[in-house]
Amino acid sequence: MEHRDVIGEVVHEMAQQPRFGCDELPDRKVITGILSDVQAFMFPAFASGACVSERMLLEKIRWELARQIRRAMRFAGGGEALDPDRVADGFLAAIPGVYRLLTKDITALYEGDPAATSREEVIIAYPGFFAILVYRIAHVLYEMRVPIIPRIMTEFVHQKTGIDIHAGAKIGEYFFIDHGTGIVIGETTVIGDHVKIYQGVTLGAKSFELDADGNPVKGIKRHPNIGSHVVIYANATILGGQTTIGDHCVIGGSVWLTHSVPPGQTVYNRAEASER
Amino acid sequence: MEHRDVIGEVVHEMAQQPRFGCDELPDRKVITGILSDVQAFMFPAFASGACVSERMLLEKIRWELARQIRRAMRFAGGGEALDPDRVADGFLAAIPGVYRLLTKDITALYEGDPAATSREEVIIAYPGFFAILVYRIAHVLYEMRVPIIPRIMTEFVHQKTGIDIHAGAKIGEYFFIDHGTGIVIGETTVIGDHVKIYQGVTLGAKSFELDADGNPVKGIKRHPNIGSHVVIYANATILGGQTTIGDHCVIGGSVWLTHSVPPGQTVYNRAEASER
Amino acid sequence: MEHRDVIGEVVHEMAQQPRFGCDELPDRKVITGILSDVQAFMFPAFASGACVSERMLLEKIRWELARQIRRAMRFAGGGEALDPDRVADGFLAAIPGVYRLLTKDITALYEGDPAATSREEVIIAYPGFFAILVYRIAHVLYEMRVPIIPRIMTEFVHQKTGIDIHAGAKIGEYFFIDHGTGIVIGETTVIGDHVKIYQGVTLGAKSFELDADGNPVKGIKRHPNIGSHVVIYANATILGGQTTIGDHCVIGGSVWLTHSVPPGQTVYNRAEASER
Amino acid sequence: MEHRDVIGEVVHEMAQQPRFGCDELPDRKVITGILSDVQAFMFPAFASGACVSERMLLEKIRWELARQIRRAMRFAGGGEALDPDRVADGFLAAIPGVYRLLTKDITALYEGDPAATSREEVIIAYPGFFAILVYRIAHVLYEMRVPIIPRIMTEFVHQKTGIDIHAGAKIGEYFFIDHGTGIVIGETTVIGDHVKIYQGVTLGAKSFELDADGNPVKGIKRHPNIGSHVVIYANATILGGQTTIGDHCVIGGSVWLTHSVPPGQTVYNRAEASER
Amino acid sequence: MEHRDVIGEVVHEMAQQPRFGCDELPDRKVITGILSDVQAFMFPAFASGACVSERMLLEKIRWELARQIRRAMRFAGGGEALDPDRVADGFLAAIPGVYRLLTKDITALYEGDPAATSREEVIIAYPGFFAILVYRIAHVLYEMRVPIIPRIMTEFVHQKTGIDIHAGAKIGEYFFIDHGTGIVIGETTVIGDHVKIYQGVTLGAKSFELDADGNPVKGIKRHPNIGSHVVIYANATILGGQTTIGDHCVIGGSVWLTHSVPPGQTVYNRAEASER
Amino acid sequence: MEHRDVIGEVVHEMAQQPRFGCDELPDRKVITGILSDVQAFMFPAFASGACVSERMLLEKIRWELARQIRRAMRFAGGGEALDPDRVADGFLAAIPGVYRLLTKDITALYEGDPAATSREEVIIAYPGFFAILVYRIAHVLYEMRVPIIPRIMTEFVHQKTGIDIHAGAKIGEYFFIDHGTGIVIGETTVIGDHVKIYQGVTLGAKSFELDADGNPVKGIKRHPNIGSHVVIYANATILGGQTTIGDHCVIGGSVWLTHSVPPGQTVYNRAEASER
């Protein structure tokens, strides 16, 4: 008897709370399924499960993506501007270009990591490659102004790898992430070609730009610019939308940077550890 | 022939080792299922899968939770004190309160992250919110002295998000974690309201308090106190049960702190990176 | 109409790209299944799902492992030297030894973490233990020169725990990892007995040893040596194949080390955080 | 190219056909799930899978059933008269009565079949019992004027057992069906108590009652009445709404009957097989 | 020990037996999946599970079917004559025609069964309709000389409904099967339009046509011809390739016929049951 | 409110009924899994799913079977006499013999059915063969006096095929069942070699042998004896433990027989259908 009262009370109490969401949110499982399908189309030998028709895979991606975009637009209050079917077609058309970029990232990882024994090992077992792959896919949709879906994609790979690259970041060719755990790359970051980033690196915002209400200002350039041929070692932190790291710089581990660095510099923590 | 010998030998050799466990350990899959069900009850629009009856969901949570508590008590050698059915009822009764706390955390995340476009995006895609949600659920059970289950819950979300909040920590309202990867918040930590914590932050123990056998002393206050309106940037480390960070402090990235800081202070690494 | 053109074009464009892989790559799902089966054999009370025959489990492990080794050899272009069935038998024969090592690791975790309430809790809920377990299994295969499979195993647990221990590392008895998120331990690392490593620690390579083409030199000693009874606190970074940390050293949090430290030293960041 | 034309043509050609159905048909999988849940509630030891809460099971049955009734009403064009929640409650209230009837059917099968070794064997392995169980559940809904769902239930068990009892038939206590394959019992059949029916028996309609258009007249009494204590052997056929078989009759195998039989008679095929 | 001997002996003994099959037999699960997909394309409102793209469904059917045909040809030792991709395309092109036939069968069932309340009920719940649907699909492939796959399809629906229509039979429009359990329609049967067949009816071969070795002769006309507007009641048996039932005949229940019947006749068992 | 009362009342009312079963009944899913495993061992090319180790399959069968026998014995109140592990070993040892019998049944079906194009088609698509296969497996266990499990096995195939062969029947070599729907073969039936049985045939008991209480007498010979080289056509019924059909008899369709027939006779229904 007492039991039933508990349930009745809880249902009743919750019914009086403000609730979130609407009927048709984008579906995380379907969206991660789209990622798998794109991956299976580009690297079929690596897809687990049965071999499938390329055409069927693309029809499925187009269909599922268009439906999720429709949901995402309603959810985000947008939708006047986007034609989901057209966006889905545009996404398909972008796949070969993404693939060409990824083959360069594979080269960067294979040549940059002494432990890598083949390009296939990079594809099958490198979390950094998985994170880059998902970022490049999500970035295509971000550029087409698709709401929420790119974020769900990058958050998925963040959970898998601990690497959090915002879909809005602009990242050049031959990008190298190795172990990657803890990497954060913010929305307005710009990264050149042939850049290597190690685990725990943050390319973030200074959080001090507040609006009149004390909240962070939205929609401005908040994250740094990284030139080409830059190496950033583990746990370094580079903050701020006006912070620019020049080409061929090397940023040492655990360095904390909130100002720009001219090209060709090596920055390290002055304070080497001392013994006692 | 040789083959069978190998298997026979291995079985025989293992049979002579000391073994662990008992028949009825708590079941991780069921426990993470309880988490999903609580989440589905609080945020039904975000639950993947079919829409279900609220009453059925609560009956299921109560039933499953009571059974796992019974297993957990046997496992932990306790059990004289707890009535599993009563604890399960108490847990149900606590859900609306947890929900109210979570709506405040959602506000903190939405207002605190310039990249957040809606409260719904926070619920669907922020690992920090997922970690806080699970922590707040686990904390209810921790407070009721349920053994092992809160730990299994927080370890689950740790694996998903890289955020490791011990269910025993006491955390105030409007708690903000963004990317979160690598955050560790220890069992005896106390955190005020409106606190923001970035990725890689450790609120931990100094490991030097050993007992006569050289092992760490158990059951004492080992983790710091954080006041209200404190911001702790990426990779900062704050250690020790007597370390107190006052209200309105800002702790810089990669800072290493083992002493208290009075209210209103900003602490940063003196050693800025230098170029050469 | 337009729709079909998109798909036709994408298929056609992809058909002209260089593609990766071969028919029979090792299967990640099967390999993680082998890990689960070994775990279920060693710690049956902790395996979720129905109780199964020990003999059947071992037959299954042997069969699956031999088949994956055969695939891995073809994939890696090796295979002349290894007899998959013989390797699988050797792996089975090594299981009791791995189990004995793991019981010592459990002791290290139970005695080293004040929050641990029982050895069983360590087995069921400690990510550090899960990472060590998988590392020790993968290391057996690495030592037998099995290609790619050890890497797939350790990458699996890396995704689950954020702990990335290369299967090639040599790690002594009573190894302690607690939360562990962000730990990276490189391929040629050597670690003694009774070592404790906290989250965010990197035991890595200095990346400056390049060959004539500007790529990192492969196959040389690149990662540090850690003595016995060493403690390394959160986010410390120790780099280089010639870097040796002596027995009984304590390395402080966020320390960055590229040179050797003699036995018994405590190394900390000279630059304590300052307030302003 | 040719390929794509085929698909385009098929899609186009189908788009011009008249199509069936509406958005929200009753869902066969959910309806058979309700059957399983009712069975699990009544005979929990026989339900495969984990033990569940009785209350949860009933909440689920009520919830699922009410939703399917709502769909069924829309589908059938009815719905003004039925309150789905009230019907679902009425169904729950009827379960103990159905259970009591089933215990009597179990007795009839156990005592009537020399091969039955226990009542539990009847429950676990007799297709006749399974068919009666589903019929009795479906009949409750039929009596409450729920459209289509009773039919889906009995068709499900028809596929499993080859026994097709229309949910509208009225069947007394202690009903006995053994192997049962091929039994057909029509909608307006009335059967007394303690009746035994063997495989291949049809209690059907004479199909000659046509309306002005030459179609069978709907909604009239078309199937026979069977008294109490009647035995009907394999492959007998009894047809017609005015055909009444009196109490204590025995109808022989393969008999074809379109007229009534007074109580106590034994009817057999005059034409015994002859040899040559 | 004794245990292992048993297994060794069994493996050894089996290894000496002649074995059946080859590597790549047609896959029953895939083939029944093709049936489901065709059904979902034709009657989407009745398909359980999520709504899918029509184009994707057709791509999938074509792909899967072509692969199974390739396996079937190798299995059957044929294959020189058939082009699997061309056959799959031809199959797709035939779907609208099959659909048109099925709408007529639905009409026959709806108008012919007084218990049917709507055409949708026929589609969702009539085993006879399911059997006809699968027969008509299988017949298309049979006509294209695809080996084994049509048989696997009709055997699938045989298991579900107890209705066994050989894919080779030729069946006209407006075909009516109601309950259907036990119906057998042989390979060389020819059936006209507007025919009704009740449960247990066999349209079979006389088994006496043996070859020189005493085995039945293959590849000849062995099953009867049924005219248009014929009704065949339950458990009737009509045998022989030269047996022709004329238009507008009615064949009574349990009748056994091995000779032809001229148009317009009613045939019944002379031997009505007698009482005693 | 009213809702909750319904559930409370139903739970309460059911709690007062007598209930069936005990904790550990044999598990139908596991038992049908054993059937699949035996089938996969004997006909590996026909097993869907991945190729597995023969030794592993046999270990699994032995383990699962022994556990189900243990449950079955407790359930049946027996158990003093049987050693489950020994029975399981005996079952394994019997598999090659069953396989040899099945190869003869395959020959009988291939040679006896003009529609069969290969032995493989018989294995993959003939319900009659599936029923014989399961019967022969179940019969081994029946002969070893294993309770209930043989019945669950034959009831499983009965649901799939509509063919109900009691595991206790004794059936000779080269047994032929074609479509088979509706066949019933009782527990004490004895059948010779080279027998063909068509759909709808019952080899059953006369149900008139009652004990003092009016219930059928258990444990006596109730079903007929069929000689060698006998053919029994569709829907024939042969009843009674003393009924013996001599070698080389042919029993016509729909014949009803309760007396013995000497060798070499052909029995048909005297009453051929007449026209009017």
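Some observations on this one:
The letters A, B, C, D, E and F name the chains in turn, as written, and every chain counts its residues from 1.
Here is the rule we use: contacts are C-beta pairs under 8 Å (C-beta built on N, C-alpha and C of every residue); 3 or more make two chains touch, one makes a residue touch a chain.
Given the structure is predicted, the values throughout are model-derived calculations rather than measurements.
As for how the two copies chain A and chain B face one another, under half of their interface residue numbers coincide. Repeating the A-E interface with over half of its contact pairs identical by residue number, the matching pair from D-F, B-D or A-B is B-D. For chain pairs B-D and B-C, the one joined by more C-beta pairs in contact is B-C. Mean C-alpha position of chain E lies 25 Å from that of chain F.
Distance from the chain C centre to the chain F centre is 53 Å, each centre being the mean of its Cα atoms. Contact with two or more other chains is made by residues 3, 55, 59, 62, 162, 181-182, 200, 235, 252, 254, 268-271 of chain C. Of all the residues in chain D, the ones that touch chain E in their complex are 2-3, 6-7, 9-11, 13-14, 17-23, 25-29, 75-77, 147-148, 151-152, 155, 158-159, 162, 164, 166, 181-182, 184, 186-187, 200, 202, 204-205, 207, 215-220, 222, 235, 237, 239, 251-252, 254-257, 261, 265-271.
Residues 52-53, 55-56, 59-60, 62-63 of chain C are the ones touching chain F in the complex.
Chain E makes touch with chain D in their complex at residues 41-46, 48, 54-55, 58-59, 62, 85, 89, 92-93, 95-96, 99-100, 103, 106, 111-115, 117-121, 123-127, 160-162, 179, 181-182, 196, 198-200, 231, 233-235, 252-254, 268-276.
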